[in-house]
Each structure stands twice: as structure tokens, then as C-alpha cells.
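Before we start, here is the structure in question, set down as C-alpha cells.
The chains carry the letters A, B and C, assigned in the order they are written, with residues numbered from 1 in each.
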Amino acid sequence: MGSVVWGCITDFFTYETTKSVVVKSWSVGIINRIVQLLIITYFVGWVFIHEKAYQVTDTGIESSVMTKVKGFGYHNNRVMDVADYVFPPQGAGIFCIMTKLIITEDQFQGRCAETGSRFSCETDEDCYKHLGSILSNGVITGACINNASESQGRCEIEGWCPAENDNVIIKPMLDVKNFTIFIKNSIRFPLFDVTRGNFPSSMTSEQIKRCTYHPEHNPFCPIFRVGDVLNYTGQDVADLSVKGGEIGINIQWKCNLDLSIEKCIPQYSFTRLDAPFAKNAVSKGYNFRFAKYFKTENGTEFRTLHKAFAIRFDVMVTGHAGKFDTIPTLINLVAAFTSVGLGTVLCDIILLNFLKGADQYKAKKFEEVSEKQMEASVAQSPGSQLSLKHGIKSSSDSGAISLSICDQAM
Amino acid sequence: MGSVVWGCITDFFTYETTKSVVVKSWSVGIINRIVQLLIITYFVGWVFIHEKAYQVTDTGIESSVMTKVKGFGYHNNRVMDVADYVFPPQGAGIFCIMTKLIITEDQFQGRCAETGSRFSCETDEDCYKHLGSILSNGVITGACINNASESQGRCEIEGWCPAENDNVIIKPMLDVKNFTIFIKNSIRFPLFDVTRGNFPSSMTSEQIKRCTYHPEHNPFCPIFRVGDVLNYTGQDVADLSVKGGEIGINIQWKCNLDLSIEKCIPQYSFTRLDAPFAKNAVSKGYNFRFAKYFKTENGTEFRTLHKAFAIRFDVMVTGHAGKFDTIPTLINLVAAFTSVGLGTVLCDIILLNFLKGADQYKAKKFEEVSEKQMEASVAQSPGSQLSLKHGIKSSSDSGAISLSICDQAM
Amino acid sequence: MGSVVWGCITDFFTYETTKSVVVKSWSVGIINRIVQLLIITYFVGWVFIHEKAYQVTDTGIESSVMTKVKGFGYHNNRVMDVADYVFPPQGAGIFCIMTKLIITEDQFQGRCAETGSRFSCETDEDCYKHLGSILSNGVITGACINNASESQGRCEIEGWCPAENDNVIIKPMLDVKNFTIFIKNSIRFPLFDVTRGNFPSSMTSEQIKRCTYHPEHNPFCPIFRVGDVLNYTGQDVADLSVKGGEIGINIQWKCNLDLSIEKCIPQYSFTRLDAPFAKNAVSKGYNFRFAKYFKTENGTEFRTLHKAFAIRFDVMVTGHAGKFDTIPTLINLVAAFTSVGLGTVLCDIILLNFLKGADQYKAKKFEEVSEKQMEASVAQSPGSQLSLKHGIKSSSDSGAISLSICDQAM
């Protein structure tokens, strides 16, 4: 019984390697080495150097954006400052700079005539078709108000009166091009616990106050002139000021943390976000309505309605960081080694089909065993003849392939 | 010396291929081919066609959302329009439509009695336990205010007076179900520099103004009726209007850029976001407080406090794009070729264990070499006998395995 | 012709397996098994157990955050409540709690003197250099206003007057440390359609109202004391209240959906987001300006400007979920099986170079075929001698390698 166990152990600690045919042929040899070289070049050049497969990457960037706009503009004979034209005021990553305001002052709840030729009428019937409309300035009552001074009447609405008339031409606040946006962006890669800011900590207060971002001369300055930003996106300040629009400021962080942390720096790019809708005739630009509420002495609430045309800025932060790690390095090295062996597939095809003496190579590479032979040899004294022929004893092999590793010993 | 170098070069440009045993057995042969077929089917069907492994994918979608609500509602005998009920007004991706307002008018700084039975008292001592409470409407002073007209007193607070009483029943603005939300969403896949809008550029202004989104009849219309959206999530308008709630509008972009760019279109889905809290008794729905500030003639500031119950809409944009690329195609082809070879593992197990004549197959497949034999042959004239037996000379092999490639020549 | 087709079919249904050399050597055998064990350990321990390679993961977490702040603070002899100090009021994921307000009351449009010594002047020329400045409180007109009462004059500005003087020392609202933030976060993993809330549905209203978050004693309570949060980030309440700052509240969801859904719970962490800028002297902390607008009896608009120093809280939700899936499990099992075979690369190097009798092993492993031999055997009666020598017939092999599978039969 002890010998059986010992036999098992001996069988287990054997080493199995493939039997190989070495072909001393210049043509196949050179092809083989070229294919191997190509595969190694691909792995070294693309997988390891370009794709940095030896790194773990963190794409879950955590980001916080703070913005601050500065500048003064004239609109409607008033000087507008930050508190007037930036919305929302708290310096978020998405903010609007209002460039044109259509103001309807002193609106009270009540009934009055609509504005605009769309709601013109002569009798009440003309207004029935507008009942339930959401394109009016209030709830259509169905009545027609005829004004002696005008040739045509207008449908009556219930709601905030007088109704807004947005068919007026107002000069936009073109001073917007000289406004500056200060962007403070701090990011963190949680996997590596690396925190970075968008301008170097060596920059002094004076340097920052004076600089203006320029992609080449001043790529780390966090202060952006609105006019420059619009230029980078190829937009016209005058056109955007009138209709409004959406501008994307993309801050991209691509950090290789194997290098100095000082090289982990942001890259800025600028796009017009509503560009896909440029061809549509509907809802061009960007505008919204808001109201300021007041109270009369006797406590009645009234409001001033603002239709604001604005340039909206979306600061979008994207990025990823990579750092050397043994696990991906090992996995990719293994993949590289395995792949080098794949060159044989191509070389085998050449060797066995297109080379002079292909049949001889086949004979060398392949040994044929047919069922009939097997049955014949089983009928004879099993094992003996084959063993003699080879001069070595047949054996069962390692556990991965042979399930009954100890079959002979039992 | 020249011959040594020449020998090295000759040795280097050799080609090594595995020696194979070809088994002419129907059973194993058929199993082998079936396994190979399954593996190829898996790679072609799943990896290449279903998972599109031949593509590079861009998951870093850049998105910009603009929204615009339209509609009129009656609340507290007033007509509310967009400027009244949408918050924040600038048309962001996350916005609230207020459906119920509890208004506390004309609050001044001062001291007054709390509201609500929670803060009822008879003596000052009853109020001591509430000192420092954050559930009151102001700072509890510790005094009890007894009112002649009421049976019980109330604790005194310092802050904005009179205190809010939110235990009133107010009819919500049910007209909200007829409001429409216009969503303008432009996205960009930075890797491919592809920009798309959520409605086709061929849509005219008139078409957009008239249409309403329907998942089957009008899947590209960017105008959503609030009532429909609530229906898609299985919510009741009346219930949501009273308590408020959060609705998610998910815009999903799954783009296969190998097809026409016109097929890169959004898909909308709708969910109730606060559903996980439906079972909790606390803080159901969605509400918040804000104030409008006014000034009296003599400059004293006072405010109107609003407790707003609102339906919050979160427009969430997700998506990814894929495009053919040689690198992933090559990698997966290699993986496919390698995997086809794995069928042999299964077939070897069958061949060497379960087939008639398994021992003979083993003898064919495995050649055994033991240390003793090696030592014996080393003692004899090394190399000669073995070389004669095989009729070919033994050789060192390629650099990958043999470290001393020129050992014989030296 | 039938026999040719039959020959093809017979040839097709053959099975090809590599011929192996089994080395009965203790040293190589043990090394072989150890290397295989290491590879298996790596796959089982790291790839399957640690990295959970048998799961598909969903990283596209959909999240919705609702916040509610409670508490009262004294500032400028007034009691401030939520409607006064939280901005924006709607309970968004990013919100500010104002801690210090510099209030400039009753600003009207007009012309007046700047504040601050930066804009001091004696003659108009002194002000010319400030023309176009964006650091002033209005548009510099270029005039110098000399005041009898003061020794130095100030440049004149056009805009909202009087100008803000932010060089005053105001006591911040330190009560902020006792404020509480209630965070309602619901998430969804779209791939698995799993929805979760950040507190268990078994929590009652009373439990939630009373609890306060603590990382160990109360990790599921959704109510956070501001003072605690600042402590977790290592910040000083007094310092932050004066200058403002940005605090990140990260909610991390790492869900293994193979376990009970009840174990899919959030983890909170807290960071100071503007930490990277701590060394810069510029724009420390966090502040912004906003205005409240009023109207006089005769309809002139005036405003109260607020410079608000605030603590901004960013609630950031990250996470991923994993669930068992057959596809990744199969792929990784295949990868594991393939990798086990890689141990032979190392063992071959040892066997063929460093072991006693390496040359004999080489002779066993490698069979050499040279072009000359092939040409010689082709010159003789081709195929016959070789066939006899081996006792088995040479054959073409399976389609993968040999392109002309039926060459012999034709």
C-alpha cells in the first residue's frame, strides 16, 4: 500500500513539456522571428508605452468647481455689476451671465389684453381657439378686448398684467466680452488619494490678479476673459449677446502619477454646447424668465418680470489618473508571452502547405494514431511492444489532464 | 570564430513547432470539432456581435441640458406662471415645479408665540425642555406666552414673527399635469468628437411647438407633458402635488458610430427617485422653504415665508458610443484563436481516461524521461546514441527557452 | 469520387493533441507544481475572491440627492433661519450655509466715491490709471472726489451707490456648528434595476429625528451635525465661518448584489475640497455677492448688496455594484486554465539549461529537421521511408493549420 501512495506522489511530481520539432529552415525561421518581433513591438510600443497597461487607472474623479465673475456693463442706462447679471449668484460650476433683459415692470394680478398679433381678434369667437393655450402670457379667458385706438382687438388674459411684450429691440450688454471668469477647480483621485488644484500653489495673489488665460503663453492662469473664451469656440460676441447661448469650458485632467505630481496639470478646451441645434429654427440661443417681487404700501404684491437672454457657462471636469501597479503589469506580461507563441499559427500554415518538402514536415510534425491500431495493440500483449519500441515506459501524466493519476499503480 | 557566430545565427533563425499526435478516432474527433464550434460560436455571436468587442467605446459623455416649462395654474386665487412656480428659473437640468405654497406673510424680526401643539405650555418650565430645539420656527426663549382667548399657552420664540403654521390644508395646483417641459439636450463624445442633439435638425419650429412626447408615436419630440411623465412612473398627480416628490427623466444615448450617425438617438425613461423612502414615515415627498424680502417705508426689512411643496425633475443623461478600431479587433481575434485551442483540454481528458485503448493513447502522447536514464546516458558517450536512434541531431532551441543558445558551438 | 469526400470527412473528424515529454525529475517536478500552485492561488485569491472577476459591474450609478438644513443662528442682532442662510433654497446636492454677511443697504444707481485706500487720489489724473478696472465697485469715471472731512480723496465710480466697504470686521455666525443637515440620497443601478436609499426603511420618523450621524455608533443616521462634519475634515469652525470654505460629503456605494440587498449600504467620508489652494494667498475661502431688490414709493429700484461668506457643501455620490454572471466567469476560468500552462516557460528554462543532463533533455524535447534532410528524402521515394520508420502513416492535419486538408486524397 505504501508503494501505491509513493507511486502517486512520484507521478504527481513529474514535469510535462511539449515535444517540439525544430525546423532548420531559413525561410520559416526568418518569418517566425519577424512575426515574434512584430508581436513584441506591439506589446512594448502600444500596450505598455502608449496604453500604459502597467498602470491601474482611476476614472472616478471627484471635482469641485468655484467660479467668480468680475466686470461692469451698461444695460438700459444702468451699470450692472456681478450681483445683477450673474445667475445663480453662488459661484457654481454652471452659471449664466445675462446679456439682455426685457423688463416688464409693475405687473399686478388681474385681467388685461394680450400682446402680439398672434392673439388679435375681432369677436370673442376669435379667442375661443386659444383657450388653454400655453403660449400666451396668462390664462386666455375667451373674451376679446377692442381698443378704440387700435384697429384690431386682442384676446383677454387672466394673470400678471400688463402682459409682457418681448417683440422689442433692446441693445445687449456688449461689455460682456471684457468680463473675466475666475475658475477654482480642485480635484481628487480617490484611488490614489491625490488632490490637485487647477493653478500651481506657487502662484502669488498678484500674479493671479494680473494674468489672463492663454493656451500657449499662460496655460495655468485661472482667469478667463469672456471675449477670449467665445473666440476659442469660434462664436461672435454680438450674436451670442442678443440670442444667448451655452458655452462649455472643459477641464481635462490626464495624470500619470508615475511622473512628478507637478506634471498632473489641467488642460482647458472650449465648445459651444448648443451647436447641434444651430440648424433648427426653434428655440435658438438661451433665455429664461424670472421675477422680482415687491409690495405696495397697502400690502398688494406686484412684480417685475425679466426675460433674460444669457450666455450659460458649463464648467465640466473630466479626467483619469494612472499609476504603476504589479497586478496589471503581471497580467499584461503574461498576455505578451502567450501572444508571442501565436506566431506559430502563421508559420505552421506556411511550413505545412507552401514550403518545399511540406509533406516531409507534416510527417515529422504529426504522428498518426488510428482506432484500428489501438485495438490491434490492445489485442497483443498491451503496452510491451510500444514501450520497447520507444525505449521508455509509457506513463500517465499530470492531474490536469489525466483524471486517474494512479491507475497504473493500483 | 566566424563559424561560431555563424552557428549562433543559424541557431537563431530556426523555427520550433510542437510535435503533434493525430488521433483518427470518430468519437474524440467529433467531440473536438463540436467544442471548437461552440467556442467559435461564442466568440462570433457574443463577443463580436453582441458585445461589439471590435469597437472602442467612449463612456465619458459630455452633456448639457436646458429646460423650459410652460403652462398656467391657479393657486390661492392667483394665476401662477413660469416665473412664479419654477425654481431655479434659469432652466437647469434639475428644477422644481411648485405645486403647493404655504405662505406666511409679513414676518418681522421679534418675539412671538410658537404655533403647533408640540410647543404648548402652561408655565415657563414647560418650555425649558425645548431650549435649543431646531424643530421650532425660531429660537426658544424659555418663556410661555398665555393667551386669554386660548385654553393653552405656547412657548415664546425669537426670530421671524409671526411663526409659520404649516398645519393648514391648501388645495394644490393640479393644473400642473397640463404643464409642458421642453428639454434641449446636446451631448458630445470627446473620443470621436461626435456631437448630437436630442431632436433631429430636420424638425421645424412648428412641428416642435405642436408635438408631445409619446414613447411610440412621437419618440423624438422634446416636449413632455407633466401628467404623462407622472403616468409613466406610475404616480398619481394629485398625491404628488400635495406632498411633492422627485421624478427622474433619464436620457440614454447608446450610439454605434459604425452605423449612420442618424441612428445615434436618445431614449427616454422615467422613474420616481424617492421611491426607496416610500416605506419610511419620515420626510415623505419634497418641500423646501424660501423667503421674499421687502422693506417698509422707514427701511425695516420684512419677509414673506414660503413653504413650497414641489415636484423636482432631475434630467439625467447617460450613454456611451462605440466605433470600429483595429486594436481591440486584433486583441479579441487573438483571444479567439487562443481559446479555440482550449478544446484540447476537454478532449485530452476524454481521450486519456474514458476511451477504449486509453493506455495506448497515453503511450503515444507521452514520452517518459527519468533522471536515472539521463544519468546513464551521460555516463555513456553523450549525445551519440540518442542522435543515432532518432536519425537527427539534437539541438538547442530558440532564445525564448534556451538561455545559452550558442552552447554547442562554443 | 465518393471516397475522396469520405477521405475529407475522415480527415476532418480527427483529433490533434500535442506530443508531450514527461520528465520524471524531482527538482523540475516540484518547481512545476509550485509555479502552478502560485498561479492558481493568484487566480482564486486575487482575481476571483478579491477582484470578483465572476461578476459584471455597473458603474453608471444614478443618484438623486435632497438636503434639508435646520437650526437658528444670531447674526447682526437678527435671528437667521433656513430661508435666510441656505442658498440655493431648494435643497440641492450642492448648497451653501452663509456664515458671515457684509451688508450694504439702500444702494441706488448713481455716482459716488469708491471705498478703500486702493482708489485714493488727489487729482483726477490719479484715477485715470484705474479706468477700466474690474476690481472696483463700479465703473471708474476718472474723476477724483475730494472730501473736506478726509485728508485724501477717492476716485469716483458710476454704478450702485454707496459703494460696498468690505474692510469691516463682522462676527461670523458661529451657531453654524449646531446646525444639522438631513441628506436623503436614493440611488439606482440601471443594469440590475436595483434601487436603494441611504437609510433603512425600518427607521421610524422618531428615530431619524433624534439621531445624529456617527461613523461607528450611528453609521446609518442621515442627519449630520455641521460641527461634526467640519471636525471629520480636521477644520476649525471659527476659521471656516470667517473666510468660508468648501466641504465635500462623499457617499460611496459599493454593493455586492450576490449578498443580501440589505448589505448594500452607503459609506460617508468628508474632505475639505479647497485644500489644494490652502498655500495660495489668493481667494482663500468661499464668498459670493448677491442682492435683494426693493422699490421706493415712486417706483425707483434700489437694492441691498450682500457679500456672503459661506460654507459650501458638495454631496458627491459614487459607487458601483457587482453581480454574478456566467460570461465573465467563463472568460476568467479560461484565462486561469491558460495561465496555468505558462508555468512551463519557466520550467523549460530550468530543465534545458541548469539541470544535470540538460543536453539529454534537449535531445528528448527537440527533434531537429533541416532543409537538406528534407530535400534528400524528397529525392528518394517520398513518404515511404519515413512512414516505415515511424510505423505509422504521415497525415495532413486539421483545417486550422493545414489549408489543403484533402491534398492526399485528390
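What we mean here is this: a residue touches a chain if its C-beta (ideal position, glycine included) is under 8 Å from a C-beta of that chain, and two chains touch if they have at least 3 such contacts.
Each chain and its UniProt protein: A, B, C = P2X purinoceptor.
Keep in mind that what you see is a predicted model, and the values were worked out from it rather than measured.
Interface chain B/chain C: under half of the residue numbers present appear on both copies, so the contact uses mostly different residues.
Between the two copies, chain A and chain B, the C-alpha superposition involves a rotation of 120 degrees in steps of 5.
Chain B and chain C, compared by their mean Cα positions, are separated by 13 Å.
Residues of chain B in contact with two or more other chains: 16, 18-26, 88, 294, 297, 338, 345, 348, 364-369, 373, 395, 397, 400.
Interface of chain C with chain B (complex): residues 10, 12-26, 60, 62, 64, 66, 68, 70-72, 74, 78-79, 81-84, 88-92, 105-106, 178-180, 182, 184, 186, 188, 190, 195-197, 199, 201, 203-205, 208-209, 292, 294, 297, 304, 327, 334, 337-338, 345, 348-349, 352-353, 356-357, 359-370, 373, 389, 395, 397, 400.
If you check the complex, the residues on chain C that touch chain A are 16, 18-26, 28-33, 46, 59, 87-88, 94, 96, 109, 132, 134-135, 137-139, 158-160, 246, 248, 250, 271, 273-277, 279-283, 286, 288-291, 293-295, 297, 299, 301, 303, 305-306, 310, 312, 314, 316, 318, 338-340, 342, 344-345, 347-348, 351, 364-371, 373-375, 377-378, 382-383, 386-387, 390-397, 400-404.
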